[in-house]
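What follows is a set of structures to go through.
Heads up, the next two complexes both have subunit A, just with different partners, subunit B and then subunit C.
Then we have the complex of A and B:
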């Protein structure tokens, strides 16, 4: 090492590089590499067998994977849209409140304060077909005399998960849109009133374009959230029964840990990440467009 | 085109009354300026006419319609806001045509109306730009364009020039005046700038604390202010206003200095009455440097020390000490003066004002 004199700025940056390499770059490269091997946790030496794209080829032909993939996209699409609409209504209502707005905002954020695992348990209990609150309520009200198999029927279980997901995260949209509403200058709205707009037209032509960027930010964040959804589903149905509610990450974790096929699971994970990147690019494009439209200076 | 009439118009916020039963009639095609210091209720009044604020009492008529409870969109008015209030996501053309689009006009109609307005305001080059790409003056012009495309009954201006720099403000002031001459419609214009009000309006409404102090043509509110407040508010530099007591046909100031009681007020005051004496800087000048070529009839000269000068080029404002207070005088054809110089100051008493100290109302007949 004699004679090797790194410039001070490189020397000072080195610790950061080392830490980043250790916790991000090396695991990333290792997992990428392992997706090209038949690596099984039970057979550590299998990591040295290079099999090229065989894991990926297998995935593309794997119907189970594509069903989970499709289900994740479906969950993402429905949840995002419903959360968007509900969050918008919530934000508009809270913004109208003249008193206690702070309190309302805080209450609105309560669902975000709970761990998704706990939300999962709560909804698992509520939707339980024997002792759950939902069936209890429906039966007490005389709407049905059957025990509805909320978490067992494929479509009902999907709906139940959707409800839990929406309950816990609608406030993300509400908060962002509310921020947009509060940052919005009031004069253009007054100008719209004078220009002859009904309240609905004011919303359509003035308010909505202004809060769109805020909605897109919320969408980006939430699309990443849902694309990696795991905890609520794991607790409520664990992808079952019989894989009726399997989504990407429950499938990946099962493949990696229960089946111990780490190589294949890593290949799946990379495809899943690709999905996330795709959505992020999509929403950021929209965001840039919307921002430019309102002439935002941020 | 329409008249606007306010009858006993009241605005309350909770228990706080900010506009106290004001009455005002604006004639068709008249340009009326509401002027007053901030918080005097002028903007609130305008917003009530626009329908952006609910009224707490009284009546508003536009034309022969009572509009008390009509939403803004049914009043056929247009408004120019202080902050321009353009729609940031629309181009200039879309901004200007928006009201017509909402009204369900055809594309062709909108396009020709926008083109007309753009031509009037010199905005043809900018029609495809967005507000964020425009300068303050251009934005202001777009805001006016948006107002004129609809041919509304009444134009409402809410301090439209306050956000512009001094030079641009003067330029836009001229343009607004030209515009009014061209479109010939009823205008109600709110400003805190008395110069804007004087230069633009057919009639000025001076407001203070939610009351109307005086209504009249610019010349009249300048020449014959009805109250001390109007006297102090209108005119630049402001009128010299100093307390005095009437005694033996003279005005006695706090420190004992006196001026002769102006002839026109001789029969209107009684001995011992507390008054406020007012004289515009134009009517107070170093002898030989006044506006009037010859000496006017009722001039009283006093020798006083100079306490400050503000040279403006063609004239100098001379602050001189008399009766223990600073008086502003206007010196035409100025000659250099230094602080402490003693000059002969001419008081043109025929132009003076006298207000009752208690009621602050003019003692002029």
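Then we have the complex of A and C:
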């Protein structure tokens, strides 16, 4: 081994490997193991009892779990799509502005600075049925004479959470799409105009393909951090009323910390992790595809 | 009406529509934040008033004074939370940045087998939801006696931030032409010198913004902090917000004031880096 030196890139990547292994990978392996045990925090011995796939079987037969799972997927799908569309509109509006663009861009980034837990409290405050801004405004304008139970009615609570989620994350999309719009060369657009494209056509066939990779970067970033919805839901309704806004992550934390059933919660956590990974891989692949297309055109 | 005139009217209408749309969008973005600031300055009676009081009659900084004057008067130990937040965020940012610098440089400058797979693997560790990660971490930390310590939270945040700092810094080093460092090496620099004297200064502002990004993530994190902290020893501001909620009531004014205190550092820092942030994330991803 005399004179053997590891390649520099291995040395450089080593610290990242060590930290991620110690804090993420090893604990996750532990939780994988404990998802095969009836582990309860109140009975530490129970971690040594191996029960195979019983936790998972229990989960897959549990209707409450599947409802929460479906609701999570629904929430994410609606939220991500709406954020994308609204972000696109916002970016187009800002890009069109002739004056004060710097200021507009700064304002646009505003919601990104809010911690998700702050977003939760802020919207809990605004949607409060008694003293909230939304109800006060509606009543003062005479649009309704009774208090609308935003966070108490199950349908409305889901909508309110969706609004909070969209408010906080649309700017991520808007910023990246705007970056794409600003990086776009102007010649192809002019050429399309000369060739007689309508504005809609030139948007569809010239602008959109160009900004698509940027939209997918935003999607990827969002999907990496997708569980931030937990903070918002936790604060706004904590899964209530009567579990009508229960999502996967609030269900996990309740099972683990309130019911102290760690084994079962870890089994749920694994389902949640696979859901996140699925979303991420989906967008990474789209990103790669969009990037290839751009590469061919550049 | 001739065609010129219709066109002109159409133009003006379009312009007005654009301005109105822009105004509404910006109002929706700003309103919640402004409402929080306003509420933190109003007396509780006015916040609770029915029918609502729209035009504030008296504004005061009472909520802030109460908050910073200790446990007895204001209810919650904000200063402790603030100190914890600063210590934890700054330390974890510095460490994550150092690790990210090494990793990002490796991704930007070296060719090796499995590069894409490793990069994707790093990113995947970031997708693990905080609450899912908190279960095993809680167990391990409890065994090691690391619950409710600064060290435990710092370690967790470093791991949380490393994937993003690697991604961002990788992007910034790609923007620095490879030839520069090579030229410096031909002129007699070692690789180490070439890095510190040529490449690092060029990527510096980008690296700083990666740091601020990491800081904000630690500053705002809640899911892990709420489970891994117990007392004023290590509770951070996001967890401290919960102190204003009781079983059935919430001290809205106090909470709004704390929210403002939390948002001001985040606001200032984001303004500083907004430009670099986008260019770093996109150059890493688009130019592949």
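Going forward, the second predicted complex is superposed on the first by the 269 of 298 C-alpha atoms of A that agree within 3 Å, B and C clash if a C-alpha of one lies under 4 Å from a C-alpha of the other, contacts with A are read in each partner's own complex, and residues count from 1 in each chain.
Methods note: a residue touches a chain if its C-beta (ideal position, glycine included) is under 8 Å from a C-beta of that chain, and two chains touch if they have at least 3 such contacts.
Predicted, not measured: the structure shown is a model, and the values here were computed from it.
Visitor: After lining both complexes up on subunit A, report clash or fit for subunit B versus subunit C.
Guide: fit
Visitor: After lining up the shared chain so the two structures overlap, which partner does A:230 touch, if you call subunit B first and subunit C second: first, second, both or neither?
Guide: A:230 sits against subunit C, while subunit B stays out of touch.
Visitor: So, does A:205 touch the first partner subunit B, the second partner subunit C, both, or neither?
Guide: Touch status of A:205: first partner only.
Visitor: Looking at the overlay, does A:253 come into contact with subunit B only (first), subunit C only (second), both, or neither?
Guide: A:253 contacts subunit C only, not subunit B.
Visitor: For A:196, select first, second, both or neither according to whether it touches subunit B, subunit C, the two together, or no partner.
Guide: First partner only, subunit B.
Visitor: For A:85, decide between first (touching subunit B), second (touching subunit C), both and neither.
Guide: Neither partner.
Visitor: See if subunit A has more residues touched by subunit B or by subunit C, and give me that chain.
Guide: So, of the two partners, C touches more residues of subunit A.
Visitor: Can A:187 be said to touch subunit B (first), subunit C (second), both, or neither?
Guide: Touch partner of A:187: subunit B, not subunit C.
Visitor: Rounded to the nearest Å, state the minimum C-alpha distance from subunit B to subunit C in the superposed three-chain model.
Guide: Nearest C-alpha pair, subunit B versus subunit C: 8 Å apart.
Visitor: What is the shared patch of subunit A, the residues that subunit B and subunit C both contact?
Guide: Correct list for subunit A: 294-295.
Visitor: Considering only the defined contacts, which subunit B positions touch subunit A in the complex?
Guide: Contacts found on subunit B: 50-52, 71-73, 77-79, 81, 83-89, 98-99, 102-103, 130-133, 146, 150.
Visitor: For a test of understanding, state which residues of subunit A touch subunit C in their complex under the given definition.
Guide: Listed in rising order, the residues are 7-9, 11-16, 19-20, 22-25, 27-28, 30-31, 34, 89-90, 93-94, 96-97, 104-118, 121-126, 130-131, 133, 136, 139-140, 167, 171, 175-176, 179-180, 183, 213-214, 217, 220-221, 223-227, 230-231, 234, 249, 252-253, 256-257, 262, 265-266, 269-270, 272-273, 276-277, 279-280, 284, 287-288, 291, 294-295.
Visitor: For subunit C, which residues count as touching subunit A in their complex?
Guide: 18, 21-22, 25-26, 28-30, 32-33, 35-36, 39, 47-48, 50-52, 54, 98-100, 102-103, 105-106, 110, 112, 118, 120, 122-137, 139-140, 155-156, 158-159, 162-164, 166, 216, 219-223, 227, 238, 241, 250, 252, 255-256, 259, 262-263, 266-267, 270-271, 274, 278-279, 281-282, 285-286, 288
Visitor: Which of the residues in subunit A come into contact with subunit B in the complex?
Guide: That would be residues 185, 187-188, 190-198, 201, 205-206, 209-210, 293-297 of subunit A.
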